[in-house]
Amino acid sequence: MCGGRHGSPVPDLTSKLRVLMNSTLFVLASLDGLSYAALVFLVSVGLSLIFGVLRVVNVAHGSLYAFGAYLAATLSLLVTPISPWLTYPALLVASLVIGIVAGGLIERLLLSRVYGREEVLQLLITFAVFMIMDNLQRMIWGVQPIYAAEPLKLLPNVSIFGVSYTSYQVIVLPVVAVLALFGLRYFLRRTLMGSVILAVTEDREAATAIGINAQRVYLITFIIGATLAALGGALASPTTSLVPGMGTEMIVLSFAVAATAGLGQIEGTAITALAIGMARAFVIYLQPEFEVLVPYLIMVAVLLVRPEGLFGATKLRKI
Amino acid sequence: MAGRSPALAWTLAAVVVAAGVIPILIPSMATLVVLILAKGIVVLGIIILLQAGQVSFGHAMFFAAGAYTAGFWGKYLGVGDLVAYLVVGTVVATILGLLVGLFVVRYREIFFGMLNLAFSMVLWSLLEKMFHLTNGADGMRVPRPTVFGMVFSPENFQYVLLYLTLAIAIAATFAVQRFLESPTGNMLRAIKSNETRLEYLGVSARRILLIGYVVSAALGGIGGVLVAVAQQIATPEFAYWTKSGEFVFIAILGGVGNAMGAFAGSAVFELVRFYASAQLANSWQLILGVVLIAIILFAPDGLIGLWKRQRAARDES
Amino acid sequence: MKRTGKTLKLLAGVSLLLGVLGAPATAQDKPKELKIGITTFLSGPAAVFGEPGKAAAEMIAADINKKGGIGGVPVALSFVDEGAGGEALVSNYRRLVQDEKVDATFASISSGSCNQLVPLAEDLKMLNFMWDCGAASILEAKKYRYSFRSQANATPEMLAVLIYLLKTKPNFKTIAVVNQDYAWGRESWEIFSTALKQMKPDVQVVAELFPKFGAPDYSTEVSRLMALRPDVVFTTSWGGDLDTLVRQAGQRGLLQQSTFVLAIGESSVQRLGKDLPEGLIIGARGDHWFMHPEKKSDAAFKAFNEAFKAKTGRWPIYPVYHMAQAFAALQGAYDKAIKANGGKWPTREQVVDAAPNLEFVGFGRPVKLRAEDNQGLEAQLVGVSKKADGFDHMVLDNMMIFDAAKITAPAGQKSVEWLKTLKPDFAKMDVPVFQHGK
Amino acid sequence: MSATVLLEARGLAIRFGGVIAADGVDLDVLEGEKLAIIGPNGAGKTTFLNIATGYLKPQAGTVRFLGREITAHRPRDITRFGIARAFQIPQLFLDHTVIENLLIAAAGHSGRTTLMRSLHDLPERSEMENLLDLVSIRDVADRRAGELPEGKRKLVDIAVALALKPRLLLMDEPTSGVASSEKFAIMDILVAALDKQRVTSVFVEHDMDMVTRYADRVAVWSAGKIQMSGPPAEVLADPVVREQVIGI
Amino acid sequence: MLSFNKVNVWIAGVHVLRNVTFDLRAGATVALIGRNGAGKTTIARTTMGFTDTTGEVRLAGADLGKVAPHQRPGLGIGYAPEDRRLFSAFTVEENILLPARVGKLDVAETKRRLDRAYTVLPELATLKARPAGSLSGGQGKMAALGRALMLGTKLVILDEPFQGLAPVLAQRYAEALRRLRAQDADITLLITESNPKLLETFADTTITIERGEIEVASQAA
C-alpha cells in the first residue's frame, strides 16, 4: 500500500543486517540505544525497588514520571531568565519535590492502608492514582505541548562518524543513570538505611523485632522509587515535548523492563534496560515497524522461560 | 455465592426490567445500556479469574479479539450476521484464550498479571502496526450486521441489539453463577486459598485455572463483539492495558463476590464516565479515580457488598 | 418486595431526570435556539487542535448571536470530548442527537471519529459537517446524504505541498519520510508518495520511518537520517510529536542538512518559536494563515484574529479557521433553505437539501460543497518559514495559494487512482506567489 | 509377617543450605502396617513426607510405590497412584466450608470436574457426610474452614485425605493441636477408620504415648538417618533413643 | 517483668489466645510449654506487638499497648523468632550489630553488649564473617540468640530454640543459656518449647498452654 517496502521483509532484513554489522551504523544505533536505556533504567529501577520492598506494583509510576517532567519543565522555564545553568538544579529539585510530595502522599494516604490486603486491591489503588494524576496533570499543565530544552542547549554537540549527537543525550543521561545505579548500590549495601531496607525486605517482622520502623522504611523506599521515576521524567523533559498521556506508555515499558529483569533486581534492571534500549534502536534501523513490539516480545520470551525474570529467584512454600 | 437469595433475585429482576425499559423512554440510552451490559459480560470473566486470586491486566486482548473478528468480517467478507459475529468472535477469543492460557496458567499473582499484560500489549502493537490489515489506530469499521438474516433499520437495530445483549447478559450471569458453584468453580476458588492441597487431591491447578481462563476469554470475546457492533468500530485501544485496567476496576467497583457485581460496577462506571465527560468535560478520570479509592478503602466488597451491608444494617434496626 | 418498590421508584426518578435533560424542541416553528453539537478533542494529544477549535466556536457563536442569530434564531453549543474514547463519543453523540435534540453537529477532528460518527449521523438523519477530519476515503467510499465536509481532504492538502516542493526545489534526488504511525501518517504519505512517483519518477525514497504515535524520542530516527543524508525529509506529524521531531532534529543539525517539509506545520509555528529555523516548507491544511495575503485588508478577518489572540494568547491556527468554515456552511445552508422555503423556518431535510453546491466563505477563499460527494473544495496555502521583525516566531514567506478545483480529485474518482493519472507537467501549473508583508 | 513392601525409599539425601535433612535414608513401608516416625524436631521427618509425595526432589536416592518409581513425579500424580497426605499445618481451603472441602476432594478423586452441576449436588455427598461422622466433625460441616480452631482443622485435613480413599496415608503429627483430653478418643476413631478401609499409614509423631499405643512399628530419624526401627516397645526402650530423641 | 492480663488474640478469625493471664518476675527462667498451634508463638509475637490484641501486656509496669512494635525492642526486649530468621544478605556480625546501629547505641554500649553476646556464645566469634545464609541450623540459632542479646537487657524471648537441633548442639545451646543466666541474674528468659521434658531441669517457672488457654502456671520461688 505504501512504498512497496513491506512485501518481503526476510531477504530485505538480511541485507540490512549486513549493512548494520559492516558499518558505523552499529555504533550509531548503540549510542541511540544508550540514551534511551538510561531513561528507561531510571524509571524501571524505581518501580523495581518499590516492588522489591513493598511488594506493590505501582501503576502510578508513569504518572510520577510525567509529573517529574512537567514540573522540571515549569521550573526550567522559570529559572532560565535568571541563568540557564540553573535549569540543571531545577531538574533535580523537580524530581525531589515530586518524589517527596507526591510519592509521600501516595504512600502515606493510600498504600499504607492496603498493605497486607489482596494484591489486586493494591494494584488497583495505584491504578486509581494513575487516573487521578493523569487528570490533574491536564488540569495543571493543560494540553498544549510544553518544551523546555534549555539544559540540552547549554551543552555542545559531539560528532561521531560525522553524525552529530547532543552531549546531553550521549553523555549526561548515561552518566546520570550510571551514577544512579552505583548510588543505589552504595546506598543499599553500605549505609544503615540501606541495610534497614534490605532487612525489612527480607523479613518485615524480624526487622521490627530489632527495632526497625518498617512503616518508615516503606515510606522512604516509596519516596526513593518515586523520585527515580520523577528524575527520569525531569531528565527526559529537555529532549521531548511534554504532552498529556506521556506517562501511560512509560508505565508498561518500565513494567516490561522490571519484570524481564526480575522484580527487585537493581543490576538486572540496568542490564535489561540496556538490552531493550539497544534492541529497540537496532530494530528502528532494521525493521522499524516492530519497534513498539520489542520490549513486550522480549518480556514474553523471558518470562516464559524464566518466570521469575532473568535475575530473580523462586521460593518454595512451606507446608 | 449468594445467587439464590430472594432479595438478589428481585434486584436482578428490577435491573433487567430497568435495562429493558429505560432505553424505550430515553432512546439514546439504548446504546449506553448495551455497552454497560457488554462490558459487564467481560467483567464476569475477570470475576471468574479473581475467584482463583488471579488478576489479569491483559484481558482486553480477548475483548479486542472479539471486536476485531467483527471488524475483519466487515472488511473482508462484507456485512455479516450478528449471530455469526458472536459465534465466530467467541470461538476466536476462546482459541486465543486457550493458546495464551496454556502459557500463563503456569504463573501466579503478579507474574500472571504481567504476562497477560505483555501478551495484550503484543496484540495491541500488532493491531496498531499491521496498518494494512487492521487500518492501524483508526480501527476497523464494523458495518451494521443483519440479525438472524433480517435487516433492521438503525432505530430498530439498537433495540434488537439491546435485547439480544440483555438476553446474553442474563444467560452469561446464570452460566457463570452455575460455573462458580460447580466442582470446577469451587476448585478455582480453592486455587486462591490453597493450591498445594489441590495438587494433593490429584487435581491439576493449572488445568482448573486454564478452564477458568478459557471461559473468561470467551466472555471477553462476546463482550468485544457486542461493543464493536454497538459502536460500529473496533480500535487497537480495545487491547490497550488501560482497557484491561478498566475491566479489573469495574470488577472491584461492583464487588467480586457475585456475578451481579459485574453489571453494577459496569453501570456505575459507564454512567459516571458518560455524564462526567458530558457535564464536567475534563474531570471524569479524576472522579472515577476517587470513586475507586473510596470503594477500596471503605467498601472492600464493592457496590454489591455495600448494598448488602446496608440491608443487613437496616434489617437489624 | 418493599425494596423492589423503592428500586422502581428510584429508576422512575432517574428516567425522569434523564428526560428533563433532553428538553424537546418542536420542529418547523421557529425554535428558541438552534442547537449545534460539536465533537472536538478536549483531552489527549489532539487537544492542541481541539481546544483552539472550541475557543473559536464559542467566539463565532457569540458573534452570530450578536448579529441576531441564524435566520433570526440564536445558536447554542454543546461540546463533546473526542478524547474520552470511542464508547463515550458514540454514546454522547447519540445523547446530543436524541436527548438534546441538536439541529446540527460538527464532527469531528480525527478521521477515526468521523469514520465512527458519519454513518451514525446518517442513521440518525442528522445534518453533520465534518469540520476538521481529512481522510478522503470517508466520502469516496460511499455517498452520504447528511454529512458534508466543510474543508478539503488530504489529497489536495498533500498535493499542494508536493507541488510547492517541486517548484521551489526541483533538483532533489532523495527523500525520507518520518510520519506518525496511524491512519493520517500512513494515508498522507501514500498520497504524497504516489503523486511524487508520477511527477518526479527519479526520486529515491531512502527511508520510511513511522515512529509510534506520541513517541517521546526520535534520536534513533534522527541518527539514521543524518547518516542517510536525504535531500528532503517529509513529515505530516503534528502537535507534540512534530515539536519533538523538529527540536531533536534541530539540536543535532539535521534541519540544516536536509530540506524539511512540515506538511501541516502551520499549527506548530507559534509553539516552536525560535526552535524553528528558516527555510522549512510549511503547509496549512487549507488556505489558512493569520496573515493570509489575500485577506490583509479584510477588517473582519483582522478583528477576529485580534480577538482570538486576546482570548487565547495565540494567533489562530487552521482548526480555528476550519471551525469558522463549518459555521459559515451551516449558516449558508440555513439561509438558503429559509429562502427556498419562502422565508419560513425550514425542516431538517430542507436544510440538508440546501447544502449541496453551497458556496460559503470562512476566513479564506470561498469554499464550495461539491454536490456529487459532499466534499468541500478549499484552496491550499503553502509557504516557507522566515524570520520577521515583530514576531517571536517564524512567519510564512513565498506563499503560494493553490486553486481548490485544480488539485482536488474529481468527484467519483478515488484519490489514489486519480493521483496515478497525473503527469510531471501537472506541477507546472500557475500559482500566485505572495511575499510576507507584501 | 512377610507383607508386600508398599513404599520403598533408598538412599535419600537432601540438604537445605547448611542443614542436612536426609543423608542416605533407607525406609520401607509394609502393606497394612502403621508406621510411626519419631525423631528430634526439625530432623527431617517432614522432609521425608515431602519427598515421598513429590513436593521435594531428593538430591540423591529413589522412592518406589508398589514397585513403581515415583521420585520424579508431581504430588498430584502420586496422589492419583494412591498416596494421600495429611499435613502438620492443616492445608485446607479456608474460604470453603468443611463439607465443601471434602466435596472438592471427592470431586478431585473421581475426576468429576463437571461445569454445570453444583458441588453440593455431587453423588458423593452422603459418603462425605459419613466421613465427617467418622472423624466426629459433623457438627462443623457448614462452618468455613478458616473459622475453625486448629484442632478441628487437623481433623478436617485428615478427613480430606481419607476422602481420596488412599492405599497409603502419610500423616504429619496427626493430633498436634488437639486437646490432650480428646487425643486418644480421636486417634481410636482414626485408627478404626484406617483399619476399616485397609489403609496403610505412616505418621510422624512426637508424643511417645501415641506411638506406643497406635504404631505397629517405629522408625527413629535422627541426624539425617534412620537410626533404628522395630516394634515400639523395643525401640522406645533403647537407651540411645531415650536420651537423644525422647529426651529423658 | 512481663505480665499478660486477660489477653485475647484473633488471627484470621481464629481465637488463638483466650484470656491469657500471667506475670513473670524479673530474673525468672520461664518455660512456655505447649503443642504446635497451642499459642506459644502467639504469646511471643503479642509481646512484640505483631498481633491484634485485647487485654493488657505490660513490661516492668509499662503498658506495651501504647508502644509501637518497633519501639518495643528499645525497652530491652530481645526476641529470637522461630526458624532463626536472620537477614541472609548480611554476615553474622552485621546481623548481630544491626539492632545496635538501628537503636543508635553509642560505641561503648555497643561494645559492651557485643562482648556479652560473644561471652555467652563464644562459637560466634569464629562465624562472624560468614554470610548468614550459609549457616547450618544450629549455627543460625546461635547467631539469632546473639542478635537477640544485643537488645534483650530486660527480657529475652526465644521461640522454639531447640527445634531441629541435634542433641549435641542442643546441649551447647543450653550451656549458652546457662552462661547467660550466670552472667545476668536479673534478665527474664522466656523460652517456648513443645517438649515439656526438655526444659524441666532448666526453667524455674513453667507455663503450659493448650488451645490458647493457660492450663498450668507453676512458679518456683
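Per-chain numbering from 1; labels A, B, C, D and E assigned in written order.
Here, a contact is a pair of C-beta atoms (placed from the backbone, for glycine too) under 8 Å apart; a residue touches a chain by one contact, two chains touch by 3 or more.
In this text the structure is predicted, and so the values were computed from the model without any measurement.
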The chains touching both chain B and chain C are A
Which is the least count of steps on a path of touching chains running from chain B to chain E? 2
Suppose chain centres are the mean of their C-alpha atoms. Which chain sits farthest from chain A? D
If you tally the C-beta contacts for B-D and for D-E, which one comes out higher? B-D
Tell me, please, which chain's centre (mean of its C-alpha atoms) is farthest from the centre of chain B? E
Centroid of chain A to centroid of chain E, CA atoms only: how many Å? 43
Length of the line joining the C-alpha centres of chain A and chain C, rounded to whole Å: 36
So, what's the distance in Å between the C-alpha centres of chain D and chain A? 50
What whole-Å value do you get for the distance between chain C and chain E if each is reduced to the mean of its CA atoms? 76
Residue list for chain C, restricted to those that touch at least two other chains: 42-43, 186, 212
Shared-interface residues of chain B (touching two or more other chains) are 128-129, 131, 196, 282, 284
State the interface residues of chain E toward chain A in the complex, per the touch definition above. 45, 48-50, 68-71, 73-74, 79, 81, 85-90, 94, 98-99, 101-103, 147, 150-151
Over in the complex, which chain C residues touch chain B? Could you list them? 1, 3-4, 7-8, 11, 14-15, 18-19, 22, 42-43, 79-81, 84-88, 90-92, 94-95, 97-99, 110-112, 115-116, 119-120, 123-124, 135, 181-183, 186, 212-213
Mind pulling up the chain E residues that touch chain D in the complex? 12-15, 35-38, 133-137, 139-140, 160, 162-167, 170, 194-195, 197-198, 210-212
Can you list the chain B residues touching chain A in their complex? 50, 53, 55, 57, 103, 106-107, 109-111, 113-115, 117-119, 121-122, 125-126, 128-129, 131-132, 196, 241-242, 245, 248-249, 252, 282-286, 288-290, 292-293, 296-297, 300
Using the touch definition from the top, list the residues of chain A that touch chain B in their complex. 1, 6, 51, 57, 59, 110, 113-114, 117-121, 123-125, 127-132, 134-136, 138-139, 248, 251-252, 255-256, 259, 263, 289-290, 292-293, 296-297, 299-300, 303-304, 307-308, 317, 319
